[in-house]
Amino acid sequence: MLPAVNLRPAFNITRTSHVILTVADLRKSREFYTDVVGLVVSDEDENSCYLRGLAEACHHSLVLVQSQDGGKCRRIGFRVFFDEDLDIAYQYFRGRGLPAEWAEAPYQGRTLHVSDPIGTRIELCATMETRQRMYLHKEKHKGAYAQRLDHFQIHAPDTYALCAFYSELGFRNSEYLTHEDKLLGAFMYRKGTCLDLAIVPGLAPRLHHLAYTVPEAHDIFTGCDLAGIYGYPSSVERGPGRHGPGGMLFVYLIDPDGHRVELFNSHYQTIDIEIEPVRWDAATLSTNVRWGLPALARWYSVATEFEGVPLTEPVEKPNPETLESYIRKREEAAQG
Amino acid sequence: MLPAVNLRPAFNITRTSHVILTVADLRKSREFYTDVVGLVVSDEDENSCYLRGLAEACHHSLVLVQSQDGGKCRRIGFRVFFDEDLDIAYQYFRGRGLPAEWAEAPYQGRTLHVSDPIGTRIELCATMETRQRMYLHKEKHKGAYAQRLDHFQIHAPDTYALCAFYSELGFRNSEYLTHEDKLLGAFMYRKGTCLDLAIVPGLAPRLHHLAYTVPEAHDIFTGCDLAGIYGYPSSVERGPGRHGPGGMLFVYLIDPDGHRVELFNSHYQTIDIEIEPVRWDAATLSTNVRWGLPALARWYSVATEFEGVPLTEPVEKPNPETLESYIRKREEAAQG
Amino acid sequence: MLPAVNLRPAFNITRTSHVILTVADLRKSREFYTDVVGLVVSDEDENSCYLRGLAEACHHSLVLVQSQDGGKCRRIGFRVFFDEDLDIAYQYFRGRGLPAEWAEAPYQGRTLHVSDPIGTRIELCATMETRQRMYLHKEKHKGAYAQRLDHFQIHAPDTYALCAFYSELGFRNSEYLTHEDKLLGAFMYRKGTCLDLAIVPGLAPRLHHLAYTVPEAHDIFTGCDLAGIYGYPSSVERGPGRHGPGGMLFVYLIDPDGHRVELFNSHYQTIDIEIEPVRWDAATLSTNVRWGLPALARWYSVATEFEGVPLTEPVEKPNPETLESYIRKREEAAQG
Amino acid sequence: MLPAVNLRPAFNITRTSHVILTVADLRKSREFYTDVVGLVVSDEDENSCYLRGLAEACHHSLVLVQSQDGGKCRRIGFRVFFDEDLDIAYQYFRGRGLPAEWAEAPYQGRTLHVSDPIGTRIELCATMETRQRMYLHKEKHKGAYAQRLDHFQIHAPDTYALCAFYSELGFRNSEYLTHEDKLLGAFMYRKGTCLDLAIVPGLAPRLHHLAYTVPEAHDIFTGCDLAGIYGYPSSVERGPGRHGPGGMLFVYLIDPDGHRVELFNSHYQTIDIEIEPVRWDAATLSTNVRWGLPALARWYSVATEFEGVPLTEPVEKPNPETLESYIRKREEAAQG
């Protein structure tokens, strides 16, 4: 059901690192991410703003870039452990006929641009400048107190095939969703929690959401309250609720450009190799939500495209086998 | 806009006290209220179960009665301060041509049955047997830790007229909702918080919901989680969300018979006579929800009828002026 | 054991209202109460600052007055329901040979200055100017989010005698502490919670502490954290811990002038007349703390004197029968 | 100041795994860890009880063993990634003249017993049997909801020397405490958080405490409340408070045999190699506590000895340079 994992990958990706999003109004987006989400600004200039969570020491986990073509994702970033992992990665991608180019990125060490087989644009680096962690500076805290970037959810035309690619890179699986031998979704991780990259079927490549951790359940309400106060009452697109897979409390907010950000409280530790992935069957009622109101329809259909990357239809056209329709039907059934 | 309040009412109603609900399956309902809501059983027999919240010393705030005609409300109860207030109340209701009968009710002192002008069945008493407050016995806590019954929301054919009746009984107003000089909803209180009785337009008399306080924001999630665990994932009918009027975090659950119970965290203190009620205009976006997903449709249309009491259509038939349609339109607008 | 309560007092005191404290450095004290405690400023001038909690509509619950004689209490304030209650109160105190003088107090309606039999200086009024409740304006929240002034704890030379005085004024008892038929402490209330005025033995009259409610358990930690951040790490004098009587989570902070302020989460509802006060025996281990580290010694001995009022020794000189030594012994025993 | 870290250690220790403690009364200790701490029992027999936290999939993180010689630690356990890491570890320890013996341990895969240079008894394994994670089974939750074993704090006669040993094994440093070029304490980690092993000076080898994570701040209070309810009011030995290094909310409880268990909320993510350890100077006020009451004296002097292992005096006899006396002086100074 799940592709085999390579526990000794060629190079060592350690964790989800950062994401670069284009925005139509830099000032407005900066306010959303500082006042509602609770990030702090590490550096900024006229055209870009570098933000990090309250518990992050590395320079940025979110880069906002002013662009007439707002609402796109430029790249999602992962960290590698050593600088030499970058060189191995370069050879690895080139060797498979995939894009790999050295790049310059402010505040980062050597940086490598690659793409996965479906065109998802990725940035790898081993180091960043560091800043003070702000988690104890409560006198400066705002928003929902987002602590650190945790994971991305991306779309794939063929979930199994893309999972196989990342499994070869050493991504392991914590939980997955199936129906009739079809893989409808997979939680994949490199760091010792249950997620760095969630892969679900759909028009691809697209970034469905980025996710920041918040410390406690009540912070999820605080995020919603501040979204309302700062003029984004309709930004709450799904939740607050409790996930089935992973079991986290969550809420999804839509930023001013339509980028989706999940705030959730933290999940369990993985690490050990003997632990089997948790399997969820889409045919059972409580698949994706144990309780909770249905998400707005756009949660299932809208996602952030990658700048300049053409879209591919899913292998199986929108039909009852896709994750979205399964979940949706379940939610509607749950609500009677 | 609001009826004048009688600050020196003929008799002293002090607070929302209890409610008697009929249920089709006593065992199942008992489990819902103990395992999900978190009430404790004070006494029970084959046909009835008396429950109280963790912080309540009085014998019961919820009485479940087995009945083939499950899903009805028998009476909502208020407390008066002195026993002699009951005698005055008897004269008061009789004097206005309203039903008033002495009754026997287990575990209660002298008990008076009355009805308001629209037929809402009410029970008044001055004393109950007492039991130990359980709020510190954490080793026995279950469910969402419901602390105490706080208020009822009922329907009225004419909101203003029923508010006028309760204002004469000394109920004061904390917050209200209007549109174009029409009163669409009113929060009325006797005890020193902002609610004992919410009155909204609709087919009447019906009990829209009873509401228990929970201690903290995270307990609202616990209630939802346990609803899911104990087989009621679809009982979450609205929320979790944040109210506009009153400002409380809330969730509405549907019990096995369709009775609606709100869990919310506590609200502010009232008491002082110089404080003006807060006015909300249904025409402004954030009227009833500052953020949050729309409630399921049934939240707006379904409510608990009073056993054996005929229904009256609202003065204004379902039209854009009713509270429900206003709120609904707002929510839909908010969600785009 | 407890004095009889007058359930139909001559005039209607409704609740703890406000307190006027002298401070040596107004700017510094203002910062402590806004940045650490979380109050908001309603008005201020060169010599005084009027503050209220986030859930308070009335103009002030704390008045700080610059004074060379900082660290004193000028008056504790209670509210009466009607203006005419003030006239009755005037006659009541005068009739008993107790001080009663009409006074002017900014932002308040008619104001009456009285003293209880041991010289505790009290201010009564029926109305204040009102301001917007700030509890939902999360974007402006600071400190521990103190919601509203809840109660005072004062010292009495003879606890029973002073309880008798306040019982005659309609104060009822929720919980009390005894040993061998001696009343060592009493929780007295007028509003529908378990406290407006706690009375304990000691050098008198002195204000042991004023107490603000905070919404949730974690806010108590936030108050402590901000005390540390803003330069008052040693202001945490007792707790965080859990009270026996009343059962609240608490922490006591010392302000820059040595005034003691308790932050605690809210307590249970009282109101009904059939509920018996809870009795605690100082001889049983868990009397005052169910768990927790001993308070610093000064918590037991230091309190705020009333400006210009001479002190009276307790009837029973410091001996094993006093509350403080009982509690202290218990705590030491508890800690081995 | 800190020993150099070997980023490519000979074998891969991944995380703190488990601990084996001897207890005088197995039933009593089992109750403490289930009812107060909140662990669940994976397996048990007449003489031993295997427990895990609510978020743990591996069979046990705490093993209680009935013994007349209760109150001792048999071994602390770490996990390695692959089975072959055990073979390398065996050679590594043998090659340095340190104890290394293969052992049988129920519910674990191949198990290796080793000792560090000061005699700390350690157990290594690569796999365990697994059980269902219980973190979402709220209907079965008890105690403080301890989620997973996080770290140990041990004593060393010479902190620097022992840190050097563990640094060679790949343990990295997140935060450390110094005074005048002396290393007074070090937080060392293998997994991606800031702690697996804290090393402080003192009579050695001894286990100062084991630490479980709890989900939220309020759970710390719940742990204390249940300690009081179940008859351990004096088990609260230090806190609740906020750590300086690591910044966690914490409380230390003493179990029935005197073993010390810390409950704390979770800390920040480490992983990246460019992040510098945080340095704390014992000479500055807020070294170890930003606020909070002093710990009971025994927190500084009492710790769990390893079964059958002789004790070594610290290199520097108890003097002002030891961690404990530094912290203690700071705390006393902080409290005036």
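Letters A, B, C and D name the chains as they come in the text, with residue numbers starting at 1 for each one.
One rule holds for everything that comes next: contacts are C-beta pairs under 8 Å (C-beta built on N, C-alpha and C of every residue); 3 or more make two chains touch, one makes a residue touch a chain.
Owing to the predicted nature of the structure, the values given are computational and were not obtained by experimental measurement.
Undergrad: For the homomeric pair chain A and chain D, should the interface be classed as same or different, according to whether the shared residue numbers exceed half of all numbers used?
TA: Same, since most residue numbers here occur in both copies.
Undergrad: Taking A-B as the reference interface, identify its repeat among C-D, B-C or A-D, namely the pair sharing over half of the contact pairs by residue number.
TA: Comparing residue numbers across C-D, B-C or A-D, the repeat of A-B turns out to be C-D.
Undergrad: Between chain C and chain D, tell me the centre distance in angstrom, where each centre is the average of that chain's C-alpha atoms.
TA: 42
Undergrad: Measuring centre to centre with CA averages, how many angstrom lie between chain A and chain D?
TA: 33
Undergrad: Between chain A and chain C, what is the gap in Å from one C-alpha centre to the other?
TA: Each chain reduced to its C-alpha mean, chain A and chain C end up 50 Å apart.
Undergrad: Using the touch rule from the top of the page, what residues of chain A touch 2 or more other chains?
TA: 136, 216-218, 225, 229, 290
Undergrad: In the complex, go through chain A and note every residue touching chain B.
TA: Residues 216-218, 221, 224-225, 227-229, 232-236, 238-242, 249, 285-286, 289-296, 334-336.
Undergrad: In their complex, what parts of chain C are in touch with chain B?
TA: 7, 14-15, 55-58, 79, 81-82, 109, 126-128, 130, 133, 135-136, 147-148, 191-192, 215-217, 247, 265-266, 268-269, 271-276, 290
Undergrad: So in the complex, the part of chain C that touches chain A is made up of which residues?
TA: 35, 136-139, 216, 218, 222, 225-226, 229-230
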